[in-house]
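What follows is a set of notes on a single structure, which appears directly below.
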Amino acid sequence: MTIDWDWIRRNLLEGSIWQATQEHLMHTVIAVGVGLIVSFALSLAVLRWPRTYAPITWVTGILYTIPSIALFTFLVPIFGLTSIFTAQVALVSYTLLILIRNIVAGIRGVPDHVVEASRGMGMTERRIFLDVQLPLALPAIIAGVRVAAVTTVGLVTLTVIVGQGGYGLFILRGIGRRFLTEALVGTLLAVLMAIVIDRGLVLLERLATPWAQRRRPA
Amino acid sequence: MIDFLREVGAWFADPANWTGNRGLPGLLSAHVGLTLASLAVSAVLALPAAVYLGHKRRGGALVVSVVNIGRAVPTFGVMGVIFPLTLAFSATARPLGYWATFVAMVLLAMPPMFVNAYTGVRDVDPALVEAARGMGMTDRQVLTDVELPLALPLVMAGIRTAAVAVVATVTLSAWLGYGSLGTYVFVGFAQRDQVLVFVGGLAVAVLAVITELGLGGLERLVDPLRAIRRRRR
Amino acid sequence: MIRLESVRKVFPGATAPAVTSLSLEIPEGEFVTLVGPSGCGKTTTLKMINRIIEPTSGTIEVGGQDVLSIEPHLLRRSIGYVIQQVGLLPHRTVEQNIATVPRLLGWPRDRIEARVAELVEMVGLEHEMRDRYPAELSGGQQQRVGVARALAADPPVLLMDEPFGAVDPIVREHLQMEFKDLWRRLGKTVVFVTHDIDEAVRMGTRVAILNIGGILEQYDRPEEILANPASEFVARFLGEERGLRRLGLLPVSSATLERGPVVDVSAGPSEARAVMDRHEVDWVGLLDGNRLLGWVPASEIGSTPLRDLEPREFLVRLRPDDSLRRALDAVVTSRTRVGVVVGDEGYLGMLDVETVAEEITE
C-alpha cells in the first residue's frame, strides 16, 4: 500500500484539489441553504397548523428512506443525466426531515412561561416568534444543520455519478484507475471538510448564544 | 413522462430482463445476500459491545464520537479506498468488489446499531433497574430480564436504520465490479440509458421501503409495552 | 379602576363554566387578593383582565376602558403582569428584560437606562446584576427582576399570579414584605392571585374569596372576613385559628398597653418590692429613664442598689408595628408572661394575655 506523494503535490500545485474543494463546498452550501429555506417554510406551516406535521413527516421520511442513488435516478428523466438539478433536488430532499424536525422541536421547546410572559407584556405574535422563540430555538436548529451538513458532504461525493464535481471525482477515478492515492485523498478530504464544517457550526452556536455559556456561580 | 413510464413498464415486461446475470432475480439476490451478510457481521461486532457498555453505563463520549464520525465518512470514499486493498483478496472465490463493499457496509452499519443498542439499554428507567436489583436479581438477570426486553425496540430501530442504509449503499458495489441492483444504474449511466437507470433506482427504492416497513413492523412486535401503548392511544 | 361585570368563561369542551358570572369592582389603589380552592377560576379571572384568556361573555373595564376595545398587545403594555415561573427571557440580560415594555413603547434609550437603574434599586438588587443573564440568578433574585420588569413602564395596574409560589418559604416571606412596602410607596392597583389564605389575608387590603366555578363568596377587608365569614364555605376555607390570623393583621400599637411592673434604677429596692406587690408578680422591670434595661426576679432584690444589679434580657422586644400574633407568641413563651414593647423613643409599655384576648373579641 503505497501513497504517491508526488501525485498529491502535483495536484495541489495544479489547483485541481482546490477546484474540487470549491465545487464540493458549493454543492454542500447550496443544498443545505435551500434545505433550510424550504424546511423553515414547512416548519412555519407545521407550527401554524399542527395537523400538517404528520403528513409532512411522512413525506420527508419517505424521501429520506429512498436511497440517494435511487433518488438521483428518479430525477434523471426529469432533469437529465448530468444536470445540477438532479443532484441538488436529491440533496435538498435529504436535509428536509432532520431540519424540519429540529426546527419544530426547537421552537416548541421554548418554555411556555417565557412565551406567556412575553405575550403578557404586550409583544405581538410576530415579535414573540422572531425575538424570543427563534433565538431560543437556535441550539436545536444548529444541531440539525450540523447533521444535515455533514450528511450532505458525504452525499455530494456521490453526485459525481450524475456529472457533478467535488471530491467524488477523485474517488471515482481512483477506483477506475485502481489508484489508491487518488481515492484516499478524495475520501480524506471529504471527511476533513465534514469535520471543519461541523466544528465551525459549533463555534457559530457558541457565538450566537452567549446566555447559554453563563451558569449560576454556585 | 407517460411515455417514459411506459418504457419502464416495457422493461419489466421483457422476459429477457428476468434471466441471466443481468436479470433482475440474479442481481436482486446478490444485492440482498451481500446486505444480509454484512448486517450479520456488523451485528455480531456492534451489538454485544454496545449492550455491555450500555449496561455498565460507560463510554458515553465514545458513542457520540462514533456517531459523528460515522456520519461524516462518505461510504463511497471508504469503498474506494478499501477496494485497491482488497485486490489482494481476488484470489478467493468472491468476485471483484465484493470484499470492498462488504467491509464498507459492515462499517456503515455499525454506528446506528451500536448507538441505538447502547442508548436503548442505558436509558431504561433507572428506577426499574434499581427496583430489580433491590429484589435480588443478579447483574446478568437485570440485563436479560429487564434491560434487554425494554431496550429491544430501540435495538430493532438501530438494526432497521442500518439495514436501510446498507440496502441503499450496496448499490455502489456495481462501481467496483460486483453485480447488484446498482449494475442497472451504473450501466445505465455508461450507456446513457435513462430507462435502465430508472429501473435500477426503482428496484433499490422499493427494496429500501420494504426493508423499512418490514423491520418497522418487527420493531413494533418486539415492543414489550406494545399493548399498553396501544391502550394509551 | 377595574370593573368586571357578569364575566363568564367556558372553555371549549368543558362541561361546566370555569367562571360562571363574576362581578367585581376593584377601586384604584387597592391591593386585592383573589383566593380560593383549585378550580375556583381565580387565575382564569386574572388572565381575562389582560386578555391572555378571552372572556366568553361579560364586560371587563380597566381605567374606564373596555378591554375588548383595544388590541390585546396594546392593552397588555399598559398592565404589569407577573407569573409564578417569572418567564424571564433567558437570552436577555436583566437590564434587557426589564427594558422590554419600554422598548416596545419606543422610549428613548437614556430614559430606559435611567428607569432600569431606578427599578433595580427599587426591588433590592445590586446594580452589577444588570448585565447578568437569568440563569445566573437565584430564584428570589429572578422574582425581583420579574417585578421590576412588570413595573418598568409604570403601569397603573399590576396583575400577579402566585408570584411568590416558586421560592422557598423564608425567601417568600421577605419578598411578600418587601413587595407590600413597595406597593405602599407606589400606590398601584394590584390584583394578586394566591391559593394560600394566609398570604391572601396578609397581603390584601381587600380579599375576594372565590368558590368553584368563579362564584364570589365574600369580598371585603381581611379583618372583616376573619371576624365575620359570610358563609359556611368561607368559614371552612379560612380554616381554624381564625382568631390567630386576625391577630396577625393587628399591630401591637392598636392594643392598650400598660406600664406594668417597672421601676427606675434610681429608685430604692423597697420601691421595687412595692411595685411587685401591687402587680402581684415576682419580678420587676428596670428602666433607666426611658431605656428598658431588663428584668430582675424578686429573689435578687436585697439591699443592693438597683443600679448595681445585673438585669436579665427580655427574650423578645416587640416593636409597635409587630403583629399581635407575634406579641401573643412572646407572651406565651416568656418566663415573665408579658411582651414588652419598645419604640424609637424608648419603653412604651407591655401587654399580657388578657390585653391580647381583648383585641380578638373587639
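The chains carry the letters A, B and C, assigned in the order they are written, with residues numbered from 1 in each.
Convention: contacts are C-beta pairs under 8 Å (C-beta built on N, C-alpha and C of every residue); 3 or more make two chains touch, one makes a residue touch a chain.
Just so we're clear, the structure is a prediction, and the values are computed from it rather than from any experiment.
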Could you work out which chain's C-alpha centre is the most distant one from the centre of chain C?
B
Pair of chains joined by more contacts [C-beta pairs], A-C or A-B
A-B
If you average all the Cα positions, which chain's own average lands nearest?
A
Compute the distance, rounded to whole Å, between the mean C-alpha positions of chain B and chain C.
66
Can you compute the centre-to-centre distance for chain A and chain B, using the mean CA position of each chain? Integer Å is fine.
22
Calculate how many whole Å lie between the centre of chain A and the centre of chain C, each centre taken as the average of the chain's C-alpha atoms.
56
Under the touch definition given earlier, write down the residues of chain A that touch chain B in their complex.
1, 62, 65-74, 76-78, 81, 147, 150-151, 153-155, 157-158, 161-162, 167-168, 171-172, 174-175, 178-180, 183-184, 186-188, 190-191, 194-195, 198
Seen from chain B, its contact residues with chain A in the complex are 1, 4, 68, 71-81, 83-85, 87, 164, 167-169, 171-172, 175-176, 182, 185, 188-189, 192, 194, 197-198, 200-202, 204-205, 208-209, 212
Of chain A, residues touching chain C in the complex
111, 113-124, 127, 132, 135-136, 209-212, 214-217
Residue ranges of chain C touching chain A (in the complex, touch as defined):
50, 52, 72-78, 81, 83-92, 100-101, 104, 132-138, 146, 149, 159
